[in-house]
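As written, the chains take the letters A, B, C and D, and residue 1 is the first residue of each chain.
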Amino acid sequence: MIKVGVVGGTGYTGVELLRLLAQHPQVELRAVTSRAEAGTAVADMFPSLRGRVKLQFSDPANSPLDSCDLVYFATPNGVAMKQAGALLDAGARVIDLSADFRIKDLGLWQKWYGMEHASPALVADAVYGLPEVNRQHIRAARLIANPGCYPTATQLGFLPLVEAGCVDCGHLIADAKSGVSGAGRKAETNILFSEASDSFKAYGAPGHRHLPEIEQGLASAAGRAVGLTFVPHLTPMIRGIHATLYARVEREENFQALFERRYADEPFVDVLPPGSHPDTRSVRAANVCRIAIHRPQGGDTLVVLSVIDNLVKGAAGQAVQNMNLMFGIDECAGLSHIPVLP
Amino acid sequence: MIKVGVVGGTGYTGVELLRLLAQHPQVELRAVTSRAEAGTAVADMFPSLRGRVKLQFSDPANSPLDSCDLVYFATPNGVAMKQAGALLDAGARVIDLSADFRIKDLGLWQKWYGMEHASPALVADAVYGLPEVNRQHIRAARLIANPGCYPTATQLGFLPLVEAGCVDCGHLIADAKSGVSGAGRKAETNILFSEASDSFKAYGAPGHRHLPEIEQGLASAAGRAVGLTFVPHLTPMIRGIHATLYARVEREENFQALFERRYADEPFVDVLPPGSHPDTRSVRAANVCRIAIHRPQGGDTLVVLSVIDNLVKGAAGQAVQNMNLMFGIDECAGLSHIPVLP
Amino acid sequence: MIKVGVVGGTGYTGVELLRLLAQHPQVELRAVTSRAEAGTAVADMFPSLRGRVKLQFSDPANSPLDSCDLVYFATPNGVAMKQAGALLDAGARVIDLSADFRIKDLGLWQKWYGMEHASPALVADAVYGLPEVNRQHIRAARLIANPGCYPTATQLGFLPLVEAGCVDCGHLIADAKSGVSGAGRKAETNILFSEASDSFKAYGAPGHRHLPEIEQGLASAAGRAVGLTFVPHLTPMIRGIHATLYARVEREENFQALFERRYADEPFVDVLPPGSHPDTRSVRAANVCRIAIHRPQGGDTLVVLSVIDNLVKGAAGQAVQNMNLMFGIDECAGLSHIPVLP
Amino acid sequence: MIKVGVVGGTGYTGVELLRLLAQHPQVELRAVTSRAEAGTAVADMFPSLRGRVKLQFSDPANSPLDSCDLVYFATPNGVAMKQAGALLDAGARVIDLSADFRIKDLGLWQKWYGMEHASPALVADAVYGLPEVNRQHIRAARLIANPGCYPTATQLGFLPLVEAGCVDCGHLIADAKSGVSGAGRKAETNILFSEASDSFKAYGAPGHRHLPEIEQGLASAAGRAVGLTFVPHLTPMIRGIHATLYARVEREENFQALFERRYADEPFVDVLPPGSHPDTRSVRAANVCRIAIHRPQGGDTLVVLSVIDNLVKGAAGQAVQNMNLMFGIDECAGLSHIPVLP
């Protein structure tokens, strides 16, 4: 059994992680920390976990984190960078679901995240946890930077094209739509039910923090800088990301075959038949990305539709997938839930 | 492995049954029938099942149903009563998720369901599949009448009071609210998104088909006739039933303790601590009923709050629970999914 | 033109009031105050008002409130009781949409609202602004206690029965469901989209602040104390209240005729034909209460269904109706909007 | 008073038209036809209209349509093209909200709509009813082809750029999101609440009927053919369209100023301040298009955000605006409703 701790279990990625870990056949959950909720039973805050998670939230200072084999950080940005080092030194491995270790260029990170980085050395050490790109490095990693939700959906949708070098990588467009849980479990008026329900809007059009993360990943795949216009939107649903991706063809290919080939051996990427339109509910609560490829009117603009559950393949599920790789167990262990539909 | 067939797999209870059965460790799914969709891959209609259910819908006439150990009917009312007999004769057992075998009084059934019953003898034979009441009979049954969704939530909420004889059983009130999936997957304008979303209404106030089913169950528990006012409501959510139950106290009791005692050994009924208000999402996609008991202002009116997922404990999950009992395996097999929250 | 000021224009009743007042033919909006947002253009916070409300939020201290003919308080409980007196002394009339002046029994108010009342004398002076009961007193009033949302729907539904004395007033039951905007525009996690969407729950079952307000109104109509069990529920919709009311018949009546007679001359109460089930969207954004009466199975329990838009007939619209009465203009002025459906 | 008839009043554009017309100060509603619902009171089908629309649906054959000054067609495609001619001959004017007269190129229309056109001569005669482009022609028109919802939002967002010739018109991208009411009030499973709620998907990526309509309008503005990639999406909300538009800059401009200048005199187009993100609720139930312009990271890709209520500025409201122009009355008459928020 892998002894696991979770730092920051009161947000949506935290509770989703607990849902997955509590059903994982090879995990023993040892601690869930929350400074604010220390002493509260986890299942009192999240009744869905009654009878399944028997721990109380514990104060990080008194938690047996350093005796864990693995510690997840499901904390706001800026926490893991301060605490991961000590845990690594104590011999634990770490998967950080925040953005602290995702961007290799520290100056870029500091510009977008508005703070000084506390552990520059660990940034260099961290492995970006997108198994479809970095599987081998993940197996050997001590510290994983778990990808963001938009970056997961967007990179998986663009990767085959960018790797093959058959589209104009200087003018990619990602029009991405997220469910409201992507904004976290924070007391903010703009994500109240009465604000976000029965309405739709873009946000962050001038620039969103996930832009540099996506550009870094695609540039690495392309072998050169890429140009991306990324517009996120808030959608009145709880879970789900739908990325609609546009790229200009520069070299002809059988694009459907290209995608099928690229993801033939991937357990959690599903390339749909030609003509498909995946809906986000087809991945609800499951660790899968479904992708469809279109070429409207046979023109020179490709349209890729890529959907994930932002809390699963876009966060907690991918984190569990990374854990499975790191500990040499079946990559799919604890991740075989069928999506919940309707 | 239990060889299983599903008749009528294109509705919501059907697809939910497939989700549960495809993940059940002791089930081999042999056939899913649909006259209208014969030849279509199940996963083409429900992409959530891609890679997990590899069958095509088959025509009932050419399906290996009679070589199954168990056949589920997830069909509209009036189908199972015509077809169950032949399957039973061939040695299969049957769980009917429709209302065909739920009401013992044939005249009453015919009045509420507006048709002649095709198999009166089987009605007498059928066991009402509410394990919290009929567990022993279910184990031995050949034919199960799987309870309705409102009847499950309402009976589980009233049972301890009615069995104990401590409330006025002549004037029970059940104000019940259902998600829209309870209306089925039928092309009807009144359950369109643009009709049912962002709105709330009662329906069937003069009389709903689940009324005689609930009254039959409660009368059996009380040992005499009961009087129930039952008003169902349509709520803008996909899954979930919330029954708010009112009963007048006739004899003092520790009602919290009464409920805790009654359900102490029940794996799928969860009595919440005093003061609780269960929300339907706390049972989403899981086979559990959560119940809270209130006595406002210490008056003589008790309020019981009872929530289930209408498609799981209110339909497919309860049907799997019944199967587990009938085949002598762990009652919880394949039913340990943690609710999906948020 | 009636010169009008609004104290506290940043909540949902505030913005709804602005929507109605900006379209009212006899109102001149002079000031909208908000300490926190002073200096911000109202239309920057609520883009729906662009081009229609040109004021900025002003600091209450520097606002021309005392030169207004009428001041609305759309503030949290506890504000109006401190500020209304000075405005009344300056000659303005006041309509308070909070609960400060609704309960005549000060001890009761203090128990439910958890604070000392700052202006006991004004409580005695205030007129409860339910025009269907108090029309004549409202015309002459200086200070109106505008009813709560649940109390409006519930009282209008019970009044004909209670006034006629034909039901058991000791055991009334109100099972009420509200849209989330009823909880206000406050940054609280429990009303986040991801918490309140696609779920349903009761709250306040042990006791809700609207209980004494409803009991006071019904007792006054009955001429004696009443007993009410009141259970509010949170529904995943923005606007709307649906009250399902239960009462035991004590004396036979033609109940449909009783309701039609009672509300024959009421411009904003619509008694539906027998057999109807009003949905909340049929009153969305309009100042109307629709009511249907049922007697299931001809038994002795009556079921009344009463729906309003909580922000209109349950708050801002009723406040405008009261203003129209106080200023001797057409009661329906500015309130003739047709509900928005779908 | 303008005597008005509505053919086909049972869909969402129909009921929205009735809402607007019943509140219009210069309209007398004479007939609402529906073959299927002839004899039913309009307000029985749409209780929101109780007391406001007193007509019954009438059979088209017995309706006083040809004595009307104006007849609206709110019918499925293929109806108006057969019936408009006779009404025009009888002296009525006609506004068709379907697509029958929108496309000038008959071959193109027949390809996308899959039927032979019944009145080619009227197509030539019809004026495309986008007032921001065709105001003068609309004033003089007998027959108006009222624009589609996506085409309204998309054209208004692209027009200033295309007219100015400052972007690459060969590679425009419109990523458009619609509320579910855009799919009409049809009994189809794919728009059931339980299918469309809490989920998001693209549809029609290979080609949607609104594509040729948008291309025709933009080509006319550009003075040459344009190339457009148009991907519509279904969003879990009732009303609203959000078009996110992408265009490559070919000639520098002050784009914010360009839009403000273009729409300076338009009563129903609102160009937002720089940095804005309009949400669809800011136009809910109102006849307005709000537009924001972004240039992410100062690159060469412009992003225009354009929102409308699909049933108002995208259908019924625009039809009333066209009527106002045709009859020489105030263009804003009956269209001054403030959006309903929240």
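Following the convention adopted for this analysis, contacts are C-beta pairs under 8 Å (C-beta built on N, C-alpha and C of every residue); 3 or more make two chains touch, one makes a residue touch a chain.
Just so we're clear, the structure is a prediction, and the values are computed from it rather than from any experiment.
Student: Weigh B-D against A-D on C-beta contact pairs and write down the one with more.
Tutor: A-D
Student: From the centre of chain A, which chain's CA centre is farthest?
Tutor: C
Student: Using mean CA coordinates as chain centres, what's the gap between chain C and chain D in Å?
Tutor: Roughly 36 Å, centre to centre.
Student: Please report how many Å separate the Cα centroid of chain B from that of chain D, as a whole number.
Tutor: That pair's centroid distance is 45 Å.
Student: I'd like to verify one number: the distance from the centre of chain A to the centre of chain D, where each centre is the average of its C-alpha atoms, in whole angstrom.
Tutor: 39
Student: Which positions in chain B are in touch with at least two other chains?
Tutor: Correct list: 12, 179, 181, 185, 194-195, 197-198, 236-239, 278-279, 281, 284, 342.
Student: In their shared complex, at which residues does chain B touch chain D?
Tutor: Residues 12, 179-181, 185-189, 191-198, 236-238.
Student: Provide the residue numbers of chain D that touch chain C in the complex, in ascending order.
Tutor: It is residues 12, 15, 19, 22-23, 46-52, 181, 185, 197-198, 238-239, 270, 272, 276, 278-279, 281-286, 290, 336-342 of chain D that touch chain C.
Student: Within their complex, state which residues of chain B touch chain C.
Tutor: Interface residues on the chain B side: 171, 173, 175, 177, 179, 194-195, 197-203, 205-207, 211, 227, 229-231, 233, 235-240, 242, 244, 246, 248, 275, 277-281, 284, 292, 294, 296-297, 299-301, 303, 305, 307, 342.
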